[in-house]
């Protein structure tokens, strides 16, 4: 399953906790703030037995001044073409607002 | 200050923590779910040295099937007329979305 | 007391317009003056005349028009929010060949200055949003 | 691959319409077919012809019309979401004296069945909202 | 025939978006798709009894929820964890729903053709 | 003259709502009111350097933020706790802002004639 999340809220943590190894979580729009390595980040709560890949949409990061260097190490980055690839490679797609 | 909050989110907890004795927090629309006495409730986090009054809009509770008996003991209830009174008796008014 | 109201959200996606309407009714019943209702951001969609909800539902646009008829409350739609989103002021609409009857009865289109004036002149200003 | 898109939010209150547009562009460049874009809920406001944003800003409505001109993608506005919110189908508008040119170029108004058809016929369906 | 999941993860109250979302589910059923409705998170509140939306002039969603069965939508799931943390008991539920764990619901969704949200 | 506080407690990006909100602040200044702008919570991110909204065709908010000073809006406050928990340092700030504690900001707001939010 591909989760697409667009807000920086507690939902992200819950979603990552629920995701399994073959799931992917894509953070877009204001959700990209969640990948900044800091105390507020809901992405921190990833446990070791949970290996879902977490992606952030890099154009949304650039728009917001979020630098890759400031992010958690395990985050992957995609542009819109990569976004499309994630959609193509995963089913079902679940958007969470 | 009168805080008006309309969503059931972590914002409620932060707001109650910040409020002082002469402040009032009014929960409307989906925020009324926060007053149900349960593990999810952000209203639980009220400490003793924090005595801001917390109100819930009762018509919004009725619309959602939230009974007064299921709520935290320290919650007060108002209808729209009471909402207007809170606005009249407090300044400034801050809506949080 | 003199109270102004601001509405920041579209009529049907959230409860915003309902809550604001009930609040205004209660303020009037309690003897307060509602000086102005200012529609900003997506709030401007509350003024679309062509809105036609199903018959068994509340008609939010019509409810605002009735509020004006009954209580003569100044309902102001922000001109720049409106123009961006597709609701044109009559003279502009005529000039560009747009819809010159887009605005429902009881509303008027004006600038942000009227919001400031309301905030300054009123004892309270309450914002409703999404 | 055949991809359909659904848009649930108004054009200017959120980034929804922008993200969806960039996604569609990327899908087309990657050689996929974008079968249909379905505008639902407040998403219908993306189709208001009279929208006139300031000149230094992106024009979201026009961008959709151009997408249709260039790629012939089926842009469908849900009839019941639209009617409730003030965007009337031409024949209805003519009957009730509403705006019969409310819909921007490239869009068409139709029922929820077209959304279902898109979901069933497409390999993927991606929803963008607020 | 696809399995289409409709996730209600926020309260249904106070807007027509909820109503329009359930319209989609009923349309999917009319198109002979397999429809699954899932209530989780604050969406669990949508199934509580004693809702009186008419008190504030809003459309009552209870008849719409009751109509699901008429459209042969009988796969209504609610997440056990969401009910527990919100102190919602089974006898408070408005319509019959299968109470499943987060994990079981996740498996059902994984197998779906598409997941709708609002 | 009233003191009007404009609270930015969510990111400014990706919508014109933010722009319209700052229009309100500038209009208030043009009406000779005392204007205070407060960044707190995720709103603190709005003041980070290196924003390139044009990358995705959105309106660049930086000129708008820079224009605040032209409107004589110099009371720009940012909450220390919000910066700290988001790992935002002072040298990352785009425009000059007074870094104040939550408690101090609260006191300033208490004294205001009105608090705007979006």
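First chain written, first letter: the chains are A, B, C, D, E and F, and each begins at residue 1.
We take it that contacts are C-beta pairs under 8 Å (C-beta built on N, C-alpha and C of every residue); 3 or more make two chains touch, one makes a residue touch a chain.
Remember, predicted model here, so these are calculated numbers, not experimental data.
The set of chains in contact with chain B as well as chain C comprises E, F.
With steps allowed only between chains in touch, the distance from chain A over to chain C comes to 2. Fewest steps needed to get from chain B to chain D, stepping only to touching chains, is 2. Averaging Cα coordinates per chain places chain D and chain E 26 Å apart. The centroid of the Cα atoms in chain E and the matching centroid in chain F are 40 Å apart. Of all residues in chain C, those that touch two or more other chains are 8, 12-15, 22, 41-42, 53, 57, 80, 84, 125, 127, 129-130. Multi-chain contact residues of chain E (touching two or more other chains) are listed as 13-14, 16-17, 56, 58, 113-114, 117-118. Listed for chain B are residues 29-30, 59-60, 91, 93, 95, 97, each touching two or more other chains. Of all residues in chain B, only 4, 6, 28-30, 59-60, 79-81, 83-85, 87-88, 91, 93, 95, 97 touch chain C in the complex they form. Within the complex formed with chain D, the residues of chain C that make contact are 9-13, 41-42, 45, 48-54, 57, 61, 80, 83-88, 92-93, 96, 98-99, 101-102, 130.
On the side of chain E, the complex with chain A involves touching residues 5, 7, 9, 41, 102, 106, 109-110, 112-115, 117-118. By the touch criterion stated above, chain B contacts chain F in their complex at residues 1, 11, 14, 18, 20, 91-97.
Residues 8, 40-42, 80-81, 84, 112-113, 115-117, 119-120, 125, 127, 129 of chain C touch chain F in their complex.
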